[in-house]
Structure formats: C-alpha cells, structure tokens
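Per-chain numbering from 1; labels A, B, C, D, E, F, G, H, I and J assigned in written order.
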C-alpha cells in the first residue's frame, strides 16, 4: 500500500557543518537503499523549506514506520503520514 | 491492518423521522455484518455528538474505503481515517 | 512542473442519482484525457471520504488551473494545490 | 470507562543513549503493569512519529490521570485524552 | 464524574417564533429536571452567542450522552465535551 | 463575575526536584488563599496533562489578572481566560 | 469593564433589499442608543468584510450579552467577545 | 498604502448561467476601472479555486473597503485583507 | 489610520530580575512617548497573560512598524496587526 | 511563473549585534542581486513582525527554492510559498 509522507527537518541551525554534512550524506545513502527496495517511490522538496513530501510503499503502517525510523535524520524529522487508497481508475 | 475512524453524522435535522429510522436500522444491520466479518472491531460514541470513533481492520485503505462506503449513512458521514501501526509491545 | 492536488467533492447528497452518475462518468472520461495528455499522473482516494489526492504535471499554475477547471465536477470541488520542487535525488 | 489517549513523546533528541534506553525500558515495564491491571487495553504507534494512541480503561478521569502520570516518560509526554461513551451496539 | 460541556445552538434563524418559544420552554423544563437530578450543576452563557458552557455530573460518558440527548434542543446543538479530573486540592 | 481559566504549566522538565516542590507547595498555599477569598471557586485537572481548568470569581478582568499573577507558578503558566455571563436559569 | 467584540454579519445574500435596508437602519438606530448609553464606545469595519470590531463597556458579561442581543441584526451576527483588563498605564 | 487581498468567490453553484455571466462581466468591467484608477495593481488566481489574490493600493482601509464593496461580486466574496508596510529596500 | 495590535511578550522566564525591570521601565517610558505623540491611543491587558491589545494610530503600516520596533521590548514581542477601517457611524 | 513568499525571521534574539548586522547586510546584498536578476520583484514588511511578504518570479519551484536558499538568512527563515496563476485579466 502507498503512503504520502510529509517531513519537516528540525535539525538545529547551529549543528556543526561537518555533523550536518555527515547526516545528509548518510540520509541520502539510506534513501537510495529505500528506493532500491521499492519503499521510497518519489520524493519532492517543499519549496523554501527544509521539508519533503514523499510517496512510499510498504506492507503496512508498521513497516513504513520502521523504514522512516531507519533514516539517519529520523530523530529530527517531524513526520505526518497519510494512508492512500488505490483509486478505481488505477486498479485496471 | 487497523484504522481509527472518526465519523460525524451530518444527516439534516429536518430528515423525516421515518426516513431517519429506516437509515438507522439499515446502518445498524450493516455495522453488524462488518462486525461479523471482523472489519468493525470496536465502536464508541463521542459524548454529546452524533459522532462515533471506530476501530476497524482491513487489508488496506482501499478495502477500508469500500467497507465505509457500504454503510447506508455513508453519504452523510464526514469521516477521518488514521492508519495505526502495530506497537512492538503487542507484536509478541 | 509537478503539483499535489487535494480535492474534496461537495456535490450535494440530494443530487439525483442519474445526474450524479452522468457527472461521474463525464469526470472519469475527462480524467482519462488528462492522463493521456500526461497532466494527471497519479490519483488516490482519501479513505472514507469523497476526496482524492492527485499528482499533476503542467507547464505552470495557470495551465494546471485550466486543467482542473475542465473537469465536469469542478464546480463542486474544493481544491488545494501545492507546488512541488524536484528533489536533487531525482534530478540525475 | 474507556479513554482514547494520544501521546507525543517530546524527550529531547540530545538525551544520552543510556538515559533514553533506561527510560524506555522503565516505560515498557510500567506499561506492562498497566496492561496486567486492565488499565492499558490497546496501544498503537502513529507511523513516522514517536507518538502512540492508546485505549485505556479507568474508573474516572482522575484515576486515568494517575495512571498516565505513573509512566516514567510522563514528564516528556504531550497527552490528549478523549472520554469515550459506550455505543449501544456494544451494550448488549 | 464531572464534565465541561460547551454547546452552540444552531437552530435556524428562520425558525417560526412560536416553534422557537416552544423549544425554549421545553429546553428550560428539561434543564430544570437535570438540575434537580444533580446532572446539570452550573450553566453559563457565552456572551454575544447563543451558546452555553455547562458543568455536568454523570456516572460516565454514556450517561452524560443520554442526558444531553434528552434536551429538546439536542438536534440543533453542536456540543463539545471535556472530561474533568478531580483536583487533589478538592479531594479532601 | 465568573471566569473560566485554562492553564497549561510550562515549567521546564529539568527544573530541579527541590525547586519544583518548593514552587508546588507555594502554589498550593496561594491557591488556598484565593479559595478562602472566594476568588478560586473550583479547580479541575485536565487528565493526562499538567494543566488545570478553574472557575474564578473577581470584580473585573484586571482583578482576575492580579489574582492569577499572584500565583508563584505564574511565570510558567500559559493561561486562557473566558468571561462567563450568568445564565437566566441561575439568576433567580 | 471593557470588551472587544468581533462580529461577522451572516445575513443571507438573498435577503430582499427592502428587508435588508430596514434591518440596517434599525441596527444603526439601536447602535446610536448604545453609544448614547456609553455601552458602545468605538466601532470599526474589518476592511473587505461585512464585519465589525467594537469597543464596548458594560457592568459585566451578562449586561454585555443583553446589549448585543438587543441589536436587530443579532440573529445573524457571529460574535466573539474578549474581556479586556485595564492596563496599569491607564489606571492613573 | 498597499494591501494584499485574498478573495474566495462563494457564488452558489446553482446560480443560472446567464446571471453568472452577467456578474462576471460586470465584475471584470469594475475591476478594469479600479485598475485604471490605480487601486487594483495586480491580480492572480489561486490555482484550482474560484479565488484570487490581489495587490491593491488605497489611501486607507476605509477607501479599500469602499473599492472592494463596489465590485458586483462583493456580496459573494469572502475577503481577507492584509496591510503591507513598505520595505526599506524599496523606499529609495 | 487606526490599527489593532495584539502583542505577546516572550521575554524568557529566566531573564534576571534587574534586566527585566530595566526593560519594563524603558518600555513604559517609550509607550508614554508614543501616547504623547498620539500613536498609542489605548492599551489593555489580556487577563492572565503577559500580553496586550493596543489601539494605535499611524500614517501607514510602515510608520506603525517603526513605532512598534522602537519599543525596547520589541525583540521579544510576537505582534499581530489588524488594519481598521473607519465605520460610517463615526465619520460624521 | 510568480510566487507569493511569506517569510518569518527566527534569528534568535540573543544573536550578537555584530553577527546580526553582518547577516542583515549580506541578506540585503543577495536580495539586491535577486532583484537585478528579476527573481525578487516586490518585497513588503508585515507590520510589527520581523517578517516579509515577497513576490518572486522563477522558472519553477526548484529554481525558486534555490533562490530562497541562497539568502544568507535562509537557515533562520520559516518560509511559506504559494504558487500564483496568471489571471486572464492580465494575460492580454
């Protein structure tokens, strides 16, 4: 099943640049693994914010939760999940 | 998977008593079928309102949608669905 | 550019079944044209509601507006549009 | 009587891992006691968040308050309680 | 247990004066019965609105629900209930 | 005149236990004085929160303000006041 | 004591012009009486809306309620009242 | 001074096409007059909605109010006005 | 033109008493100057909060902005401004 | 395409004056470059706040995002972007 995931990054502004870069590249690496696994299907930026909107696929909300918590940035992310129902137009 | 379903009944106040009763008993009958099928697991009233909170189980959001739309009151219900993730405390 | 489009259908409950069906099939037909044109890329149902979330692509907000207003249900839709920025992960 | 309890965990991100683990296991132990006592009946995770939704049973709101405040994480929890009325469908 | 009950009266403005008066005096009579029964303990007006805030006492939320639904104005009332916990200062 | 006063206690979680206890007992003592003076008439806890709902009586909003600011916890309280109008049912 | 009163006029758009004019001039006449009585001290329009913000003075919220309900437009007004405390700067 | 004006058009869906067209062209004509007078400086559509965002210039809020109320659609517009302060970057 | 100005004081609770007193008396002095200049016309306290509601007069929003920013407390104030339109009842 | 950009500046109050001034003048310089490039078209202050409303033009939301993130103050700005559709009145 698919989920729409809105995520605001609350990493403090005064996080040292090195730490920030380390987190960002670990985040990118883990995101790429989730893409390869078919869990992360699309990702957009909310313009003007350190926030993203993602389209995820997972077996159930618990599996999605585990995937989101596996992101290195997870402790700083404020996440809102919305479960999506397949539309009949797309069932065929 | 389980869902928390909040439902406000917007049936107009001036609906004739007979029509209202007919809808209510059809609603009750369909709810009982959903209970028997294991889809509707618990149902509470929000005190003071013609509103309910229900605990549902369905294969996915589309199946939940179909179950909710099968309720005779569906056209008048304002429904908010929240997908629940199994808590590790309950997985064992 | 891509847009996330949330749409609540406010068609009155007492719309005659025939009129409702006519609108629904005209809506489906127009949606299929928008898919064929690459404007409507994905469509989901918000479970429990007569509401959808869609992923659209259009040249600019004015073109998106025209596409959305070409839907036969448009007069009854309460629409919220969010412009999405391509994420660097997907630029490559 | 039953209550729906929504709880956001605001434990600061920079809490030392050891302290965090200590709190988590104390929390789990106390939750298990509340389950054994019939106070905590169900617990779910809100996917993507360090938040839970719980179904509690207590004699009255004061007893529920005492139970919630007995959780080791209580000082960091932002809790919203909703009193539930038994639905006639379940009275029988 | 005690409840704080906020109630907005949505009786349509164009309700005939006679019907309105009939409802008002039936409402007052039923409220007086609830006072006599110890269910309605205090009642205030929200200044400038056809709205009230009431302090109620009932065995549980279901009993409160039944009391509120016994009011002749109930079909037009938009009610919000908040369960109150006895404060230790008042337990003695 | 009477006021409904909702108060969230924002005292930081890391306040030393001794300081917290000192504030709590000073708060209790001052609350008791306000009760004796007929200013604080009822006090409830919002279940699950370090928050209260109180029924106060004061000559006017400025007198209420002074009473609330005389509480030792005042600097940490987030307070919302609602002025209540006597209901005709209670005027007699 | 003084109150800030925000008032949205919900008189239906299709009210006959004559009825509307009648209400408006009755409203103006009653407002002038309230000014003469020192109850209505200032009145502003919220630009772009059929809404006003008023500064009122009344003995207590019940007296304010009666004054507001004496306005011929009262049945169509959506009113929010805020009790104001005299500021020490103005007490002298 | 300049104002940002957000305007939702609530003209009922069942307004006869002829009446709607008449209103629309009268609206356009009046808008053009306001442009010519330097009152309406820019106008955008909110994509997906019958809503606009406009940049207006007027001597004061009362003059803006009169300009907005002179629009033939005014009785159906839900308008929110925000007063803008000239930014020092643009004062030079 | 007149403005309604709502202002929440976010000065941290742990500001040293001396610094706080210094700021308060500088604030009072500047407020008195603004009164003398006819900019600050009325000031109220929001009961229970370190917040005020003020009635200001200024040539335009930029002049109001400069007046508000001249207050010594400005860096800690969370301010909401609402432009008021003169009501025809008061134009005469 | 054009965007309306609302931006709240959350730079901490205790930022040293020198650092603050440095950031402000770098911000001003970068804003001037964006003006010269035709990206920043208008800028207003929200009266009473360290907030701005800007009218921007960019090829798409990703280009706008890059422009906004190039501002030296970006890490402290809380930004809301709204995509604007050209109004037919202005297409000619």
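Operating definition for what follows: contacts are C-beta pairs under 8 Å (C-beta built on N, C-alpha and C of every residue); 3 or more make two chains touch, one makes a residue touch a chain.
The shown structure was predicted, so the numbers you read here are calculated from the model rather than taken from an experiment.
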item	value
Those chains which touch subunit G and also touch subunit C	H
Same-interface partner of H-I, chosen from the options F-G, A-C or B-C, over half of the pairs matching	F-G
Distance from the mean Cα position of subunit J to that of subunit D, given in whole angstrom	43
Computed distance of Cα centres, subunit I from subunit G, in Å	24
Distance from subunit D to subunit C - Cα centre to Cα centre, in angstrom	40
Computed distance of Cα centres, subunit I from subunit F, in Å	27
Residue list for subunit A, restricted to those that touch at least two other chains	3, 45-47, 61-62, 64-65, 81, 83-86
Graph class of chain-chain contacts, one of line, ring, star, complete, other	other
Pairwise chain contacts under the document criterion	A-B, A-C, A-D, A-J, B-C, B-D, B-E, C-H, C-J, D-E, D-F, E-F, E-G, F-G, F-I, G-H, G-I, H-I, H-J, I-J
Interface residues, subunit I side, partner subunit H - complex	1, 3, 60-62, 64-65, 81, 83-86
Contact footprint of subunit J on subunit A as seen in their complex	13, 45-49
Residue ranges of subunit E in contact with subunit B within the complex	3, 5, 7, 61-62, 64-65, 68, 75-81
Residues of subunit B defined as touching subunit D within the complex	2, 4, 28, 31-32, 35, 42-47, 52-53, 55, 82-87, 89-90
